[in-house]
Structures are given as structure tokens and as C-alpha cells.
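Chains here go by letter, A, B, C and D, matching the order in which they are written, and residues are numbered from 1 within each.
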Amino acid sequence: MAVTRDEVISWIKAYGQVITENKDYLTDLDSAIGDADHGANMHRGFLAVLAKLPAVEDKDIGTIFKTVGMALISTVGGAAGPLYGTFFIQAGTKLNGKMDLTLADWTAALDAGITGVVNIGKANVGDKTMVDALTPAIQALNGATGQELSMSDALKKSAKAAEEGMKGTIPLLAHKGRASYLGERSIGHQDPGATSSFLLLDTAANVWVNN
Amino acid sequence: MAVTRDEVISWIKAYGQVITENKDYLTDLDSAIGDADHGANMHRGFLAVLAKLPAVEDKDIGTIFKTVGMALISTVGGAAGPLYGTFFIQAGTKLNGKMDLTLADWTAALDAGITGVVNIGKANVGDKTMVDALTPAIQALNGATGQELSMSDALKKSAKAAEEGMKGTIPLLAHKGRASYLGERSIGHQDPGATSSFLLLDTAANVWVNN
Amino acid sequence: MKKLINKPEDVVLEELKGIEKAHPDLVKIHYAPDYIIRADAPVKGKVALISGGGSGHEPMHGGFVGMGMLDAACPGAVFTSPTPDQMLEATKAVDGGAGVLHIVKNYTGDVMNFQMAADMAKEEGIDVEAVVVDDDVAVKDSLWTAGRRGVGLTVLMEKLVGAAAEEKRPLKEIANLARKINGQGRSMGMALTSCTTPSAGKPTFDLPEDEMEIGVGIHGEPGRTRTKLQTADQITETLMKAIVDDLPFMSGDKVLLFVNGMGGTPLIELYIVYRKAVEIAEKAGLKVVRNLIGPYITSLEMAGTSITLLKMDDDLIKLWDAPVKTAGMRWGI
Amino acid sequence: MKKLINKPEDVVLEELKGIEKAHPDLVKIHYAPDYIIRADAPVKGKVALISGGGSGHEPMHGGFVGMGMLDAACPGAVFTSPTPDQMLEATKAVDGGAGVLHIVKNYTGDVMNFQMAADMAKEEGIDVEAVVVDDDVAVKDSLWTAGRRGVGLTVLMEKLVGAAAEEKRPLKEIANLARKINGQGRSMGMALTSCTTPSAGKPTFDLPEDEMEIGVGIHGEPGRTRTKLQTADQITETLMKAIVDDLPFMSGDKVLLFVNGMGGTPLIELYIVYRKAVEIAEKAGLKVVRNLIGPYITSLEMAGTSITLLKMDDDLIKLWDAPVKTAGMRWGI
């Protein structure tokens, strides 16, 4: 089964809600190894996204993704703004004209989005960034493509993989982003961006559970 | 019996010691209703006094008092510097050429010193200043003059009166000095200058106990 | 106590050494007694301006020594007025033959120490006038108290009177100008946190996380009221109302609006306060013709702000705009 | 959290309103997207300089907009780099036909956002060069990290390159000058206390009463080492040694010595640090030909200091002395 355009919108709205709920948590994570703003950044960005959504609710999914990406780029700032903005814009390029989303569509979109993030951020897996949550998620989806998994099961797998990737950032020494300034002292802390990325995929798995 | 010049010097040295011991206490009192420096001010002043003393140890008591006063004026600053400086200089004018101190000499000197303090500070009894400790002390001495009291008993009486005056500043509303800025909020705190004045007279009573 | 210092008793001396190394083009430092004078002092035929007070209010006063402002500053120990010998020696060092003005903030200690110095200088034949600044409306002015404190207006007076002195106006006129400025300027301050003097080593007052002091002094003297924390706008309204009502400033008045930082408050917050202060001033019909925003008269690392309003006229505006070249205030040159 | 603010989310907007009211002679403010430009922008035939970054570092960068320094500053949210549309619009607003230089501090977010803006501006036909400042020796420079942070040197670069732009030097030359400055300047900072961002509402890091962070960033990023409190002299030695050894600065070098306050540290302490820093510089044979002392690149109300050394030559000295007229730095005019 495929995710409808309206379910895509529900997912984005739900993620806005998740960000609001996790604002302080994300900021706390960023206090430990960054500059204590990741929660506020994501919150500001998704408030803007939610304000922009009504204007594109009847458009195709590609347009919606692009709109989300542009809103993030022009309101978030910091590292997260260009990274998440690029993620949505690049993912959106695979969804032009689409009114629903198959597992294959989603996989292609996610792959393009992550490629975009890596292109501008130059982070490798293991650098202690959002890439550490995103990459396992796409790998899980790629792995699922061969098997006869329902979309919702595939999403659950990818969210699970993202969660493990996120937790896996704890023992890492940061090589990218602000946490890298800390050197050894970055070890032992979970990366805030990996956390917000996990939450994004986890929200998808939760909202699109009937697919 | 009379207090010798050397006993006068012992008194000043002992007061220097008392100030060192009570530095934090005086500063704490000044924190509550002033600017937290009375202990440091008196300490700085009496360090300078102690450094100046050797040069005048063989001079008359008037010269010693004047030297103490000048040292205080040129090192203490704040309100305490001119007030205590004037106190010693004016008291000293009554002691020119003297090599010892009778009760009458001390009474005259104290009276002149206090008059000097009142002249430049314009504080009345009840204004919550050092005058509230000094004035009862001189009154006690004046009262003692008629009676057949030993000098040491008279000094004890005056120290006791100073102590009561000092404690009596607690319920007062300040009209002079920095505490007056506090208005009603100055009530309930003991005046730091009254405290250092009590200590001065108390040290005299203790050091000159055999007279 | 968290401070970038070595020994508490060396703070003022080491600060002076730093200033000496930093600004040899502007000032010379004299030690024991300590004072800071213009590098080109004495300036012949110019009234010399001297101020001073306890240290801990930097850049005031040492940072205001130089062309167009002070000729000398006498730094006391932290929060303790300087001693008469400092002012006397400084007076002698900067007198250029046209007399000397002492700018004295109204604290018992400052007034007494400056008075002693002035008496001694006069005995030595120097023409000395003294002006006492007492602009703090937080303190009730009364015959029965030490009167109002001198706070933010001092900075403005030093600039304005400094410019008048550069014009070679005579001592009497300069002193009267200073008194006029004192008559038409008012200030009030507040603190979010206490300061800690180096020698005490602990905060002068304890302020719970949700409270503030309104009407605090620049020496960490507790204010007149302690209240729950409020927004910047509410605080600004409280300060502005007290100031405007006191003079009172009247609709149509031209004013200089000075939003001062107490030392621990960053500039970003001062602009937020300034924004509201202007709004209030304009609502009251005042014309804000000049302004000053920043930490100019501080109270060590205390967080908080003070606002000063000074009624301006064309002469004062001209004096304000005149060139000034000091470490703490500079323009036009 | 004790701050003179209203709502955390309004801090930057209200600060901009304050700046707008305070300095109409110097700057104009554009809202949504937010940027500050010179009152006389665009200046025909002059290379325009733009910088920007998260707010909370005032007076940098908004306070440095004006004659002889920046043409525009783009303020992000507190400690968050601005977004590309701010830089794009500011670029268009100040381009005087001679091209635009983006001065970018080396943080992942700043670099990415400025890069996007530059790409868009180039598409619109504007000649844009970008220079990345990365002077913080506290961070190991390595291919495997985000590299060094841009800190205190940014202030010096904005002044120096601003003066060069006033001389109408061409964009390529200006960009190369900026890169040269970046190549010969180094900085390091430390914190006695943490800052608190308005939106987080609590300190970014907890620092016990007897500890400090050495090598802290200007966003309250924890430093590389946490140690017991030390004296000002010991701290100054640590910072100076790391800085001098890194370039390395060599005996005979002329340098500009910049002692910066982090926002909550009063000037009196900065002079104590300066005193020791000069002593160390001179012992190493360096000639301190210019200096800057004060809170120029702050981290909200964080207590602490940073030191920047920049190797000078005659051209740089001339550019440093050239007139500058901004809210945060002014001389010669």
C-alpha cells in the first residue's frame, strides 16, 4: 500500500508536534556537546513549515517536500537549516508530481535526501552527526526492498535502524559539526542531530503505520 | 595612674590585630547596609599605621596620634578614612608633648576627636553611625570624672557604653552614610562604623587594664 | 569568587599597569599616590577637570581621561573613594593655570576626601571648584540623609564639561555648567545579580534566582525595593517613570538618553531596554536628540542596567558632539 | 535565567528595533529577512563587506556596520547562523558595483548558509567572494574535523578590510588581504562561567565555583579542558603560549594585541589580563604596536576573556588607524 499525500502532510505535522515535545531534550543534548540551540532551531523551523503547509496542501508530494525544505533553509539557520532543508529539497526531487508514496518512492527520496546531506555536510558514518542515524535507516530500507515486507514494517525497521544509529553516536568521537571542537570530550554524548533525524523517521513509522 | 606612651603604642598595635581578626565581620556588616568594604578599609589603614609607628615610637603621644590620623587619611579613603583620620588628628591636638595619658587627658582627647568626627560628618546621635558608639563612650567618661573611678574602670565603663551604643544602632533607620540610601531597609542591621569604634574603645579598655 | 585577577589587594595596581601599557598615547600613570593624567597634562590655560572615586566602575573614571574629557582621574580601592593626597597631587599635576574643577559623586566618603584635597590645594594657591553630582532618583533627597547618590549623570557631565573646558571657558563658567547639568539630569538603576568585591570574595547581597533589586547603587548597595523578576519592558517602565516624574521632564524637552550596563549585562540586552526607553520617552513627548548605550559606569560584574535622562539644549548638544579622545569614549578625532 | 529581555523568541527582533532607534545616522535595519546595512548603502564603486552569524556576540557584527567597516551584518537567532536569504538580500542591498566580500566565521552552519547565499547571489550576477576566518587555536586543525572556529580575529579583520574597502581597493585584493590576515592571526578564549541562551533558559554548561573552561568557544561550546581556577596571570600565560606557539609569532614581529571580554567580565579585569599579555609578548620579543581591549566579540553574559594576536605590517597599521565610524568601534572621525 502507498502513503497518500494527506498522510505525508500528517507526518510533517506530527513531526512538528514531536519537535515541540522534544525541544528541551534536543537542546539539552546540544548543550553537552554544542551550543544549546538544536531544539530551538528545529522548533522555529517547523513552526515556519506548519505555517507554509496550508498553501501547498493540495499540491503534489514533491512540491510539499520542496516547500518544507525551503522553509527550513530560510528559518532555521545553523547547521541544521541547510542540512534538513537540503534533505527535504533533494528528497522532493524524486517525488515530483506524485500524489502518493510507495515504499520504493520513499526509499528513493530518502536516498536522495541523505545524499544531499552528505554532499553539503561531508560527514561520513561514524563522524557523530545526523548521518549516523540516516544512513542505517536507508540501508534498512534497501535491505527490505528484496523481502516481502509491508511498507509499515519496512518503516519500522528503518526507524529501528535510525535509533540504533542515534544511540551509536554516544561512544563516538565527533569529527564534524560543533561537537568536533570538543575532541575527546565529545565522547559519551548522543548527537542532537542524529536524535532529531531518528525522530523524523520514527514519526513516519508511527504515522504511516497502516500502510 | 596614667597610661604610658608605650602603652598607647601597644593599644594601637592591638587594635590593628583586632581589625585583622574582625575584617570579615566588619565587611559582612557593611555588605548588609553598605558596600562591603569597611573591614578591608580599616585593615588597609591600620596596616599603614603599623608601618608608620616605628618612626614615631619615641615621640610624644600627640605626634603619635597625628601620625596615625595622617596614615589613615592617606590610605583608607571612603567615609572611614577622613572620619577616623580626623578623630586621631583632633584627639592628638590635646596630647601635644605628652608622654603619658591621664584619664582627664584621654577624656579631653576623645572629646576633641569626636567633635572632629561630628564636624566633618554632621551626624547626630541616632543617625546610625560611629557617632552612636563614640558619643555614649565620652558621656560615660564625663560621668566618671566626678566619681573616684580608676582609669581602667572608667575605660571599661566607656567601652560598655560604646557597646550599647553600637547595639543600639540595630533598630535605627540610617540618616547618614551609605546605609541611608536604604531607607527602611537599613533597620535591623548593626552599623559597621559603630562596630569598629566600639572595638577601638574596647581594645583600650583591654590593653590599659592595669591603670 | 570567579574573577580574572591575581591577588585581591593588587587589583587596582595591576589595572593601572595595564592602562599604562595600553594607552601611553592618551595617559600617564602616577603611582603612590595613584592617579591617571592626560599624556599632555598640564594643558596651559585650560581649566583642568579631575574626577575620581572607588575603582570597579570602569571605564569610569580612568577611561575618561584624555582630550575633551578629564585631565585626571583618581582611583580608590574597589568601591572606596580615593584619599585626599591622590586628589591633591593630581590637582597640582594638571593645573594649567586656569584652575581645577573637582567632579565629585555624592557619597559621604567621596565628598569628605575631595573636600580635604580641595582645602589643601587652595592653601597651595590653586583655584579649585567642586561640583557634586547627585542624580540618583532611587534615593530620597532629604536634609536628613546623605542625599542622593551620584551615578550615570557623572559620565555625561565629564564629557560635556570636558568639551567646555577644551573651549577654554573659565572655571566659574565651567563649574556653573556642571551644576546646571546636575540640575537637569536624573538616573535610576537596577540589578539582576549582585557584584562581588575582590576583597570580600562573596556577593555583596544574595538575590534569589527569581528576584531583582530596583534602585540599586553602583557599589552593590542594596536597592530600595526587592521584587520578583520582571520583563525588560516592565523594568524600563519603572525606571523611566521614576526618572521622568522626578525632574520632571516635560513634553517638548530635548533629552539625551543613556542606557548603561552594570558590567555583567551584555549589549544585546541594553538595546532591548533602549528600545523601550525611547518608546516611553517619545510617548511622554520627549525628543531624544542624543544617546549613549553601553557599560560606561559599572559595578564590577553586576548584571543590570541604569537609565539616565539629561535635558539638552543647543549648547549641550554642541558640547556632546565635540571631539573626545579617551580610552572609554571617542569620536570626532 | 536573569536577563533584561521580554520573550526569548523576541530578543533579536527587539535588539534590532533598539539599534534602529539608536543609530539612524549609522545604519538602516531591514526586517524579514533581517539585516543591518550602512545608512548610506550602497556605496558606489566600493567593495561591500558583509558579515553575520548568530546573535549574542554584540557588538559584533551589527555594531560594526558603518563607514570604515562593514556594509551589512546579518544577525541569526542567538548562537545560530543566519539563513541564506538574509545574506542574499543584504548582498543585493549593499552591492555598489564593485562586488561583495562575505566574511564567514568557520562554523559548519555559517559556512553552509553563506555558501548557499553566495551561490544565489552569483546566479543573480553579483561578484561575491567569501573568506573564512578560523583563528581559534583551542581547536585542533585537522582534515578530519570541522576545523578551527572563527573568533576574535573576525573583529580585527572587519576593521582592517573595511578600511581597505574604503580605499576602493578591488575585490580580489580585498579578499586576499582578508586571507592574509586570517593567515597571520590567532586567538584563544576561556570562560569562568557559562552563558545562558534565552531559549534554553539555563546555563549551557555547569561550571563548579572552583573551575573554568580553557579553550571555550563563543557559543558556550565547552572548551577542550576544564581545570581548577587559576590566577589571571596563569590564565594569560596559558592563552598566550598557545597563541604564540601556534603561528608561531617570532621575535621582532610587530603585533596587534586584542584582549576581549566575553560579555560578563568587567573592563577592570581585562586590563589586568592585558598587563600580563603585554609582558609575555615583550618577553617573546614581540612589539605590540596596536591594541584593542574590551567586549567586542561576546558570548552573551559569559564571564571570561579571549586573546587575539595579529601580526602587523605597515599596511595593516595604516588600515587599523584609518577612520571608522560604527556603533561599536569608532575613531578618527
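Things to note:
By definition in this document, a contact is a pair of C-beta atoms (placed from the backbone, for glycine too) under 8 Å apart; a residue touches a chain by one contact, two chains touch by 3 or more.
Note that the structure is a prediction, hence the values are computed from the model and not measured.
For the pair subunit B and subunit C, the distance between C-alpha centroids works out to 32 Å. Look at where the CA atoms of subunit C average out and do the same for subunit D: the two points lie 29 Å apart.
Per-chain CA centroids place subunit B at a distance of 55 Å from subunit D.
Residues of subunit A in contact with two or more other chains: none. Touching two or more other chains at once is no residue of subunit C.
Taken pairwise by the contact criterion, the protein chains link up end to end in a single open path, with no chain closing the loop.
Chain pairs that touch one another, listed by label: A-D, B-C, C-D. On subunit D, the positions that touch subunit A within their shared complex are 9, 33, 54, 76-85, 107-109, 112-113, 115-116, 138-140, 144-146, 149, 197, 199-200, 204-205, 217, 219-222, 224.
Listed in rising order, the residues of subunit B touching subunit C in the complex are 27, 31-37, 39-41, 44, 73-83, 120-121, 174-178, 180-183, 185. Interface residues of subunit C, counted against subunit D in their complex, comprise 2-6, 11, 14-15, 17-19, 21-22, 55-56, 58-59, 63, 192-193, 209, 212, 229, 231-233, 235, 263-275, 278, 288, 291, 293, 295, 298, 300-301, 303-305, 327, 330-333.
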